[in-house]
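As structure tokens, the structure follows; a few thoughts come after it.
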């Protein structure tokens, strides 16, 4: 995808400036020449607020720790997404947010280093027009389902978004021995392919990526995927492996009925706790 | 059951007004025409205080999270019960409480959406004159006992209220493929039937319902049912499935002796912690 | 054992008065007529401070919850011990403490109800001159070792006080079907017999009793017994039951070397955290 | 190794004075006569700050509890290291730090008792010129891997520093029945031998030692070793023992790429939380 270098006129109310700074840190092979992607303009302040809250909420729930990240597609452009600079989730503030194009180029990094795995987000936004928010986490409860042959499946109604089971992306299959990081376009593309049209995908020996049509939904799914994994692990131990999962039709009906009302009820609570010191 | 539309005279001290507003949100098939159930009057302020505290206590104990609810039968009428509007438990205040009739119709919703699963509570109050409080939770430790064939049984004296074992309600058996929610009278009635005369019933792939003759007892049972489940899971793993449970006679003697003094000692502590910010 | 009714002269600095009030609540069969045990006098303020702290420390470590209790032998008399009135551990203050004789009679209850299981403490003080502090807890991690045939054994050096393994008291063996509570002298005596000369004993389907020559040691043992149980459970699951425990000689050498210096280092930390609001 | 007794001239800005006091508490056999090791001078204030923070961070993560310790090699001398006096980790302040030589002799204890297991640190600094920080912990999740024959191996990328698997030091093999403490030079030397060139070693029935080229890296490794152990335990239970670990080449590539950037991102967060009351 070519970047555009239009000199868009932006009012002073732009959240992100258009100064031509490159993201420092990892420069990927996909960066062709001196690309200065243009900003899509100021993002919706409500989206910014939710994105910053998402980092904190997921850290408070121990879905994220010092590592991992959340992003949102820009409300003004399908070709832009927003995520923090490389920083522990709990420390993220609006000033840490950077706008990126789908090649992972920062619009205006201003010397701030981006996450090396922004390509997880970029390639999913490219592949999935329906996705508006992405979470990448190292949540411990999920690791066992990526390093054994046991599929992660919905044991309770709060995890209906899993559908049948969660696919597993093993970077070794396509790329052999690596440092395990999805740190370029090709790896991001391979992960997006494993994700397909689903709501989440495990990353063997690494973590998970979870997507959604909004920040609250991506966050809610991340929290309940963790809870489902812990619960399935206990159920399998208790039942000697013989567990009654949600029937795919049940899962579908729950999704059709609004998937826990988009986690509205919980989102309100989580946001209120995220703003406490 | 027909609702009554008596124009009762209420003093200003009524906790709930009698304005003729319907509960918004899910309108069930059991609502016949424009029903405006009459209020039973102001509920006992001590009951209101305990009910609000119950929501917070159960959230602090992680029995409830952003979902789940507690209700109390109205002290003035066997045909009325009180629960919050649709809201995360930790956020519930007295102003969020709504009075309902046993068909799940709100007396005075004032635009506040009720929980879609209020029928869990309504039908139990209808079936069980002895029950004065009901808790519906998604407590993770309990899910395995609803999705495997392993019965949840009392491993220690604090769970004597289980009796022999906890029955399991599987909505699929009576209603086939659903969105898993007990969101109407028929489903509530089926759940109440599974509960029978017992103190709790698991809901396969969903959670649990716990009942009691008072709010402190329903809350105490919910907390100790969770603890019992976690402990039984560990005991079964340790003992290869061979575990000594409470003998039914032991369980009965504990109940006869006052069932942990109605959790008085703990309730005092829990209430004091619930009121902290 | 006969109680004495000496009219001791006490200064105003007595921590406990000598008013002749009986403990309300459970009156045991061992109370012969109107017994007013004489007080041993004011207990050492440092001991009172440590005892109150012990209740809070054990609650903060989740060894105790709303139930369970701690006691200390009176520094002035081997025939007296001190514990709280019936109250959740976290709420205990110096004013809640009651002095008892070894028959479980309160010196001066002043209308405060005692714990019905004070006989656990009384009979151990009677049987064990070396014991100066007793903890009774329902700690969940310990229950599996009382309800399966798996012995609780020291997996790490912090649990050397276990010796070879922890004995199990099953009230059913001597008393048949009961409400599981050690609520009289005969039951207390049977439990003390199972404890023998050891540092702790499990109570099947109920909890544990832990003893020590001082409050810090009884508290330290209670905390590390819980940790050892959780760790042993994991080790057994991991190793398919094949675990290397502390050799009895190792355990003995650790005890001879001072058993973790009497938990001094940790006690200082625990006390400082117990005094925070 | 001989200690030096040079009378170095120190400015008033020395962090540690040169008063000739011996460490009280355990005096080891390796102390020859009245040795007063000379100080290497004032340590870098940034190092002191990080060392004090490390104690608190590891306690907040429950890697350390009331026991365990952290040290740093002195920035001015390879023959000196710094650790706290014998104190619970959460209570450590700069004034509690003591400088030691590699025989475990305190430069200036000023009546403060040292940790009896300082020899764990001393002998590792002696054997490993690359090591600049050492952590000794009793972290419960690690104990099972030292008391069963199951090797602790990297299940996810955050534990690449494990390499193939973590060696186990069993004090019984070389020293027979002991009190399990590495409380002298000979035992420290044996542990250092088991550690070899690795990043960590388990201590059977006791805990772990973790090393690193800096304080943040030793702390990061301690935290992620705990997380890896918990995760491996779950994965083994889930997968019936059949788990896909990091390939040694993957582990190496992650190390070569900077091992999670030296935990920088997380260290910033951890330090900020350690300074809160």
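For reference, chains read A, B, C and D in written order, and residue numbers begin at 1 within each chain.
Here, contacts are C-beta pairs under 8 Å (C-beta built on N, C-alpha and C of every residue); 3 or more make two chains touch, one makes a residue touch a chain.
Predicted model only: the values in this text are computed from it and were never measured.
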item	value
Graph separation of chain A and chain C (steps between touching chains)	2
Contact distance in steps, from chain A to chain D	1
Chain copies touching (chain C, chain D) - same or different residues, decided at half shared	different
Whole-Å gap separating chain B and chain D, where each centre is the average of the chain's CA atoms	51
Interchain centroid distance [CA atoms averaged], chain A/chain B, Å	36
Sequence positions of chain B contacting 2 or more other chains	237
Interface residues, chain D side, partner chain A - complex	154-158, 227, 230-231, 234-235, 237-239, 242-247, 249-250, 253-254, 256-257, 260, 263, 265-270, 272
Residues of chain D that touch chain C when the two form their complex	65-67, 86-88, 90-91, 138, 140-141, 143-145, 147-150, 172, 177-181, 204-207, 233, 236-237
